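Listed next: structures, encoded as structure tokens.
Shared between the two complexes below is chain A, which has chain B as its partner in the first and chain C in the second.
Up next, the complex of A and B:
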């Protein structure tokens, strides 16, 4: 299930290690996440649903959906797509008896609801008290997520205080550009990202980017990530902290955990939030079946860890993400049965669609997926034609596939902004909740900027430009950079306006009108 | 915008064809990029001023008289939307970008696919730019019936 030869990527395997899954030894390679190592070993069921014991697989692969939670070395509720394998690691599923893969009680799915309808524990078996307590205890065994750790944490627990001019949260194209431009103007910067690598979404994008040459169009996404990282390395005044998750912003103080063992208290004068976005899902029958994955999840598995998601895929959504993913799957030697699109026309760039169409992949517009078929994982999908957003009866047909990729868009990762007190607004054109800000990206919280997808779902090129603007403006406000910095800032603002001036930018511009204040 | 319903261009949506005389003189690029998208590497790559685009969102327009078939544009086009054509001694030659393994090399036989992925014939690879010379996008030149030059847009290796 690991990919061999690939036209664009070279997969370097780390040292071989052994991890234990529900007691069984599994071969894995250093640098892989637990979830990807398990997937490569053929594990598809990662957990069971809370109530009906339905099998669940991974979905997002970037730590945002919690479908992959397991007990790792005695610690419950660990998102296994975010922890890396270590030799001897003990991993256990935490739902199901004896484990999630072969949950004996899953057979009761159909009758659980009859015996214990919603709210039953308030009404049945409530008296006498002894019966109630006994029943509660039994029910708890069947539901819930995990058990508290049995031992006291014995690892390292350190603390560090960092002072900086600018703290950048998120190391995707937006965050890296903000750090580079703030540092070039002279500011002292600290850049934090929860991954062990920089690049954000770019690390899975093997295709050449669009845009203008000046913004590295024609260059592959993966390469843009390394170019930006090299630029960062040249700057001595940037402190890069990888594997560092920011969990809160309290009165301008940024709190983070580095490598699960060190608490950071970062005291910056300005903050740039560039946390990117997470994937949306879609409602259809059995959409929780293992084998229904987010498009980014599949990209991560395939392009970051070199693991084959399946043999034949169905892609839902013909935006650029769906189209590019289709091409990437074919490059990895995986078949794509079809792309379905609910709108009457393809949502992404025509040239991306043409690339896969000429290789024989059908694109069905006015179609949607209505059902995932399979017992423990996807074995086929049912699709149907839509007319005025209604399913046309009798148009249903079954497509053979062993996985379904949901590529129906992203939503900004806005939690930190909310928590920090930014005034937010729901703007459908920008993908969801986004902060009110000025044209340099400064939000209603003084000194707190946004850049990239978290400010509105767009593109890496736009994320880079927004990052530059936010970074340089933060530096300017702190007195760095002089007239030169102001010149740079205004140039980028102009470039970005031009970039958005076409029909694909119309939606964005309309959305921005609702949140950008003078 | 019917091409967005189908995912490919019909004949009446294609840009004007270069003339047979032009194709016989020297190679020429042919661009199928009809939609206004913010993209301009083809314009920036062309040293002969053959690509016209006033704003980054305009679709490129090609001047066949200025183009000399140098292939700079096809090397960088992220849409893989450009091919190079040529007719020599009555034979057609089409150069296309190729990003799949196993890589194609000189002498390989290939199936010719049209814009919808249907097989329309067979051809032979006469030249291939190795992927490592162009950031992993190989270019392959395929010999074929000259009448197929405006139809074929992809190739698939024939397994021996």
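Up next, the complex of A and C:
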């Protein structure tokens, strides 16, 4: 299931190693994550859900969903999509008896609601005391997710305190631009991103960008990431920390963990949050079955790890992401059975839709997915026609596919803003909860800025410009850059207004009216 | 007779439950949701290994009441009785533990001294080098949420009006006696008011014109990702104030005994995480590398008397607060005392 040839991407295989999965040897290559190596070897069930023992498979591929947690060399709850294979590694599934794949308790899925309905652990077998205490002992045996730790984690536990003018959280186009513009104005910047690479969403984008020439249209997304990173490298006053996850903002102090072994306490004068967005999911029967993915998961699997998500896919959602993903899949030699779209029209740009059509992929508008079919992983999907958002009885039909990819939009990754105390507002036009801010991106928390998708779901072009504005404004407020910086800031503000003035910008502009205060 | 209880924490609800069992007409006011106060934020450590006779007596009784009340109400509080360990790393602290143990033993608490190595009998992965000794006794961990839900259920079944999202704004006193209480703009005529508002008790007391200077303590706590059964007893390191135990969901729940603060806030801090994590992995090295899922803080009040159960110079205004860091251990029995006090007045 590894991708061999790819027209745009190149996959270098590392040295062959052997890892052990529930005792069984599996071949893998250095540089692969454990989860991708297992997936490539045909493993589909990575864990079981807590109560119903339903199968859980490779899902987000970026350490966020916890479906891939296993015991690795005696350490429990390791996100196997985030650790790389090493020769001789011992990997065990944690849930299910004897293991996640052959779980005897899978039968609970059908019966537990009858035997032990939700909340029963509080309400049943409460009396007499003897029975209650006996039941507690039995219940406890079924609790917990990770195995008890068998070894002492060998990772380092270091600490570093960093002082900076501007801390930028998120290394996508928004964050990188903020760092570049703050640093060019003279500020000392630290840029943190949780991934081992910079670029955020861009690195998944093998296609040429849309938009005007001035805004790098025609350039592939991955290329834009490289250009920005090169610009960053030229600046000595930017400290880039990759694999560094920010977990909190405590009264202006940014707390992060670098490579899982170093705690960073960053004390900046200004903060730019550019954490991007996460994918929404959709509710339908069996939507937790292994083989149901988000678009990002499939892109990561394919474009980052070089692994085929399956042979035939069904794409849900015809926005740009769904369309682009479709031809990325085709590029990688994977069939797409169809695209379903609940709206009466295609959501994405015409150019993308036309390309997909030319490749022979049908797009069914007024359709949705109603069910994933399969026992342990997706074997087919049921779709149905919608009229006034209601399923038309009798219109259901089965589509043959072995994976389903949900691409129904993004929501801002707003958690840090909430925790830092920003005043937030739900704005559907911007994709969800976004912070109140001024035109330079400064939120209601003094000195805390936002830029990019976290401020409202838009495009890389807008993210870049918002990043520049926030970065340069933060620097200006700290006394850097002089009149030149102010000129730059006002230019970009104007540029961004122009960019949004077209028909595609209407929705965004309407949304911004609700949150941007003078 | 009608009684208003201010505060829907364990003290308020347990008191309401006991009064209602006695046939009293009770209304409980909770400003936010049930669980908002310290009763929804604590670590559920249950022990009678306390440091004076009154507290030990009260805690012993409470442990018995927990057993009975769960059957009575038909609700499982997930009270896991796998013991309570206190360890110390200075001679001074260890001597204090021993002294207290002698008192506890005299009063019939099942407790024994253990050396650092014997801690491993209860927690096999414990690092004996981290401490010099300790005590082990009966007790364990209760899950605070079902305690509150359960008491609230019991109250409602007995006809108590438990009003959440209802803020007490004013206490009406006439001729130095309680006339009633105003909550969310509505007036309730009552004969008694029980001030069970935890950390907010000083404010409530002021509304009745009674000075109460309970200390306000903020305490921080966090949970890790869940593990299968790993840690049986509740562990408290008295020297550093760090404690940890395992919930029925499998999470390692742990915190640091709180400090006095000027004003109420429930924000979590980075300093807490660092201090907690450092000591927790010294005590149990295999916890290293576990992810922390959530952190939060709670506030409680400590009276000059712990707890403060008393009448005041305003007739009908009863104090039931100041439980300090032992509210979960003490409240069930304390509630009976409050009920008696009201009956007597």
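Some observations on this one:
In the analysis below, the second predicted complex is superposed on the first by the 485 of 518 C-alpha atoms of A that agree within 3 Å, B and C clash if a C-alpha of one lies under 4 Å from a C-alpha of the other, contacts with A are read in each partner's own complex, and residues count from 1 in each chain.
Note that a residue touches a chain if its C-beta (ideal position, glycine included) is under 8 Å from a C-beta of that chain, and two chains touch if they have at least 3 such contacts.
These numbers were taken from a predicted model, which means no experiment stands behind them.
After overlaying the two complexes on the shared chain, residue contacts for A:140 are found with chain C alone; chain B is out of touch. When the two complexes are overlaid on their common chain A, residue A:357 makes contact with chain B while staying clear of chain C. When the two complexes are overlaid on their common chain A, residue A:493 makes contact with neither chain B nor chain C.
Here chain A touches chain B in the complex through residues 5-8, 207-213, 217-220, 223, 330-331, 333, 344-346, 349-361, 363, 365, 461, 498-505, going by the rule given at the top.
Within the complex formed with chain A, the residues of chain C that make contact are 67, 70-71, 73-76, 78-81, 125, 146, 149-150, 225-230, 248-250, 267-270, 273-274, 281, 285-291.
Chain B makes touch with chain A in their complex at residues 1, 3-9, 32-41, 44-45, 55-57, 76-81, 99-103, 113-118, 131, 135-137, 153-154, 156.
Only residues 75-77, 94, 121-129, 132-133, 135-136, 139-141, 143-153, 155, 157, 159, 248, 250, 253, 255, 260, 263, 265 of chain A touch chain C when the two sit together in their complex.
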